[in-house]
């Protein structure tokens, strides 16, 4: 591969080969939160209610063990427990993407091997992290993973966690070469996102492209996204499903109205004061779900603290203003 | 002010006061490039053709001495020459925003004083740069500028240049307080952009909000943007004008089609190999305008190099593919 | 704890308690490279020669499974193989620090449990990474690890990998509280390093403080460092041992001369062209050790490439100029 | 030039040419603070006392209009007033370096022209800032400045302000080519600093190399620095002069003792709570000088606030502990 990203890839040599997996999962695929007991153990009854909340809303799939699922905080035993529980509860009603997040190639491969028995619709892997690498190493990483994967491989573009941005031309080349089947874009770089979609289209659409940015999914659909992986979709999956259907139908007024409503709900993540990162974002999602009666606690994994009362009250105020609390009490 | 950004501002005490200037300029306001002769002097005949290109397309205003106008490269004498020439050519046909880009408060004030005689519709200022400052200093900066400004003040959110992001709650508070009349958002942070628009609306719309991101203007319109300040608008202002009109009419299919077309054109900025920053982006715009016969050279300010022949050929290939070269030769 | 770092900690309540572990390991503790076969497996004969190279030089300890040991690239099985082999070869002749590098608290704890049976002199852990955390979470992380650790805990300050800097006041507080016994500083922030040493001294020296910056160890000794953890120490451990002894004796002319000589040798890491991160640094160390006849290959872990011939020749040229090749051939 | 930095420059073609200016200014060259009245105007009587404080201590020169001198906050008129006053007060007793800090080449040239009449011993210029540039543009920038400069040009390596690091091999090449005479290193990258010194020595020492890092000057001397430009030198210039003389004499025990004493004094910059950047650092220096009776106020330039009473009291506590207040009252 080249290390620059200045050329669009040539048309796919065999788009058909890559098209199959990309056709298999699109639409709304929320990154499933992991409900915990006060003691920090997996809370299976809460998980059951949360999965039902998603399935009732009509989501197209679930992404298990993503960043919002607190994957980085779980040791291998806990990851296995989560996968065991989720696959048991879902029972094949929707396809599952499984996050195989780890530092470098061999560790990601170990995560893939451990997850194989859960029959995922796809594995989701990031660029290498901890050690600095460049485009050549990222390419070798994904090609090694793709060769070893027993299910379609998805690239997870999340620079805020791994401190490197995946280049759109590189991703489309990996798609064209049959290495990856899709991209979860959490880059926050919408200029790059539009290029990715356009390059993918020019290459025969080897990739399914999903956005992770909860409040600009409408723009992503205008750009040509195939769906979304919204963390906020744990709180209001039905809204994202309605937005997706409207987008597919070209009903942009509805898309916009749903997005505006969901963006107002997203204000919950800005209510915690004195918290950082997932303690703030995932903490807000968990708090909202607890207040809505879906999960039992807002407990976060060590070393993250649960949101304090002041933050909870501020989140409740948002949920009041958006009507979610009223809906829940009906 | 507080240094956090967790609360939406209270409703404006006197929205009427701030509403007047915000009503005065919206729509498409391209950041005017500054054509140079081979020797690096201002090329007035090219400037005349470029302004005509904009006015013929129906732009709503022009932003002079922005980043795309190479303002950071111009000493005070050159800035005065540019303003003299542009105001003479435009002759009041459209309002002008004038960039008063400089490191810290007193220097920006000096730029404002120097530009006053050109009767701008607004001054555009960034956060302080070179020295690190925090939210309190940014607040004091804009309030001091606002108090001294003889025309409406616009905040220019451009972290890639000043290495700090303006917080949306802070901007809306400045709008509510009558300090600023508008925002040019070149932050690349569309989550923040949508929050800015929503907070502004909740506060009675004290601010006019324009996006500078050429390839996701469609999404910005869905979010509620009042218009755009697209550098690429120098090459194809008519496209951005059509997109704006379609957005105002709620004709999203046209918005999307124009945006896709303009995004394809934007690929010109990725063609230069071995160039960085404005040498690449502005260099590509200047090259395209030269190839289209509108300006005479693609010369950039010292220490930037003009694009080389290989880059020029690659840009021509994009212009061919998008039909712009064919249009120009008619 | 507070999230600012503006105050020096109060004098230690019980410095004696913390003093014991800090007394147990200081001086030169190189981060042991992990020799690999061409196939990427652990190369035990090379490891034996490399350990002998260190012991012959008189190092005070070894740091196994650090960043230079490619820890982030090794799955759990490989980590266990490395520890098994190293402890077998070293046979208790020097104490071993073991790196327990993983993303978040529970995963680091799992690494500690797996390494316990190798009787380490200490565990070395970084701040959490992958997910963004703040000072409170970092504090909770180290306190949880410290409570669970069966051997003294060391904090590894390596912002280039984990993207957060440990604050010196925080580290000394953790030392005073008996949570950590030492710090390996690879921060590259020598202003912070000197503050750390001074605050530690003011607190009764609860911490042993080692620097990882190969070419400014002399300045670290002037500042009061207790020793070094130099990656380059794999190539020339004897030089670092001589420098340490000279520093302890206050013979600064010798310290300086050794450091200048080692800094000249460190130029090997700047010779690879087109490589990034550990492929460049650790790759250069491995290449030098191969050229010196100590290990068999310069193979790196997937997805890192081994240095190419041009890089190898440039490294040989440095080794010639510093006399290391001539020494090796004697 | 090449954009990589992997090779030491060839021996200088004409070291003699470059040697002259580099010989002219070395040792302790504090960056002169700019005392302001409460109203924010230049406080000439305080400036007279501050300059006398420096000259009495035996400094080798003064750096006027550096970052610590608040240059980025001063418009052209204020810069001229400062230069007028300082040159009048100094009256040629020590050489002056003058900062010509501005965004890009033509603006820096304008600053040089304005400062020429003050007969500087050198001009100090940074890499371009505001617009992103790469190595080629930085090279063109310094070469254009060097060709235009009427006095020796110094490169100011200050990535915290300009967001780019100058490469040591590049700096030495510029020295060898007679473009620059010296470097003020405020990079905080001591690994790079040692490489710079070593490469410079190998090239025949075309450059004078001064460090700006107040608390690790001792290590810089070990590495071969020619002197220092310490902001803290405004508070205690005599300490830095003693350290320099000891370093030149190879008396490292004295170097170390002075550095430890000055590092304890440097704790003043960590006392302000709720301040950022120069409001914290320069604010602490100004506060200390006011408490020591040398300047009249601790006023900072707009938009920076002066330190509050709590911060002042904390700074006084440091000055008590280091004995500076007692010295001042004698």
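A few comments on the model shown:
The letters A, B, C and D name the chains in turn, as written, and every chain counts its residues from 1.
In this section, contacts are C-beta pairs under 8 Å (C-beta built on N, C-alpha and C of every residue); 3 or more make two chains touch, one makes a residue touch a chain.
Everything numeric in this text was worked out from a predicted model, so none of it was measured.
Contact with chain C and chain D alike is made by no chain in this entry. Within the contact network of the assembly, the step distance from chain A to chain D comes to 2. With centres computed as the average of Cα coordinates, no chain lies farther from chain C than B.
Between the Cα centres of chain B and chain D there is a gap of 36 Å. For this pair, chain B with chain C, the centres built from the Cα atoms lie 49 Å apart. Rounded to a whole number, the gap between the C-alpha centres of chain A and chain B is 34 angstrom. Multi-chain contact residues of chain A, defined as those touching 2 or more other chains: none present.
Going by the touch rule set out above, the chain pairs that meet are A-B, A-C, B-D, C-D. For chain C in complex with chain D, the touching residues are 4-6, 8, 188-191, 193-195, 198, 213-216, 218-220, 222-223, 250, 252-253, 255-256, 259-260, 263-264, 267, 270-273, 314.
Looking at the complex, you find that chain A touches chain C at residues 67, 72-78, 101-107, 109-110, 128-134, 136-141, 144, 160-163, 274-279, 301-305.
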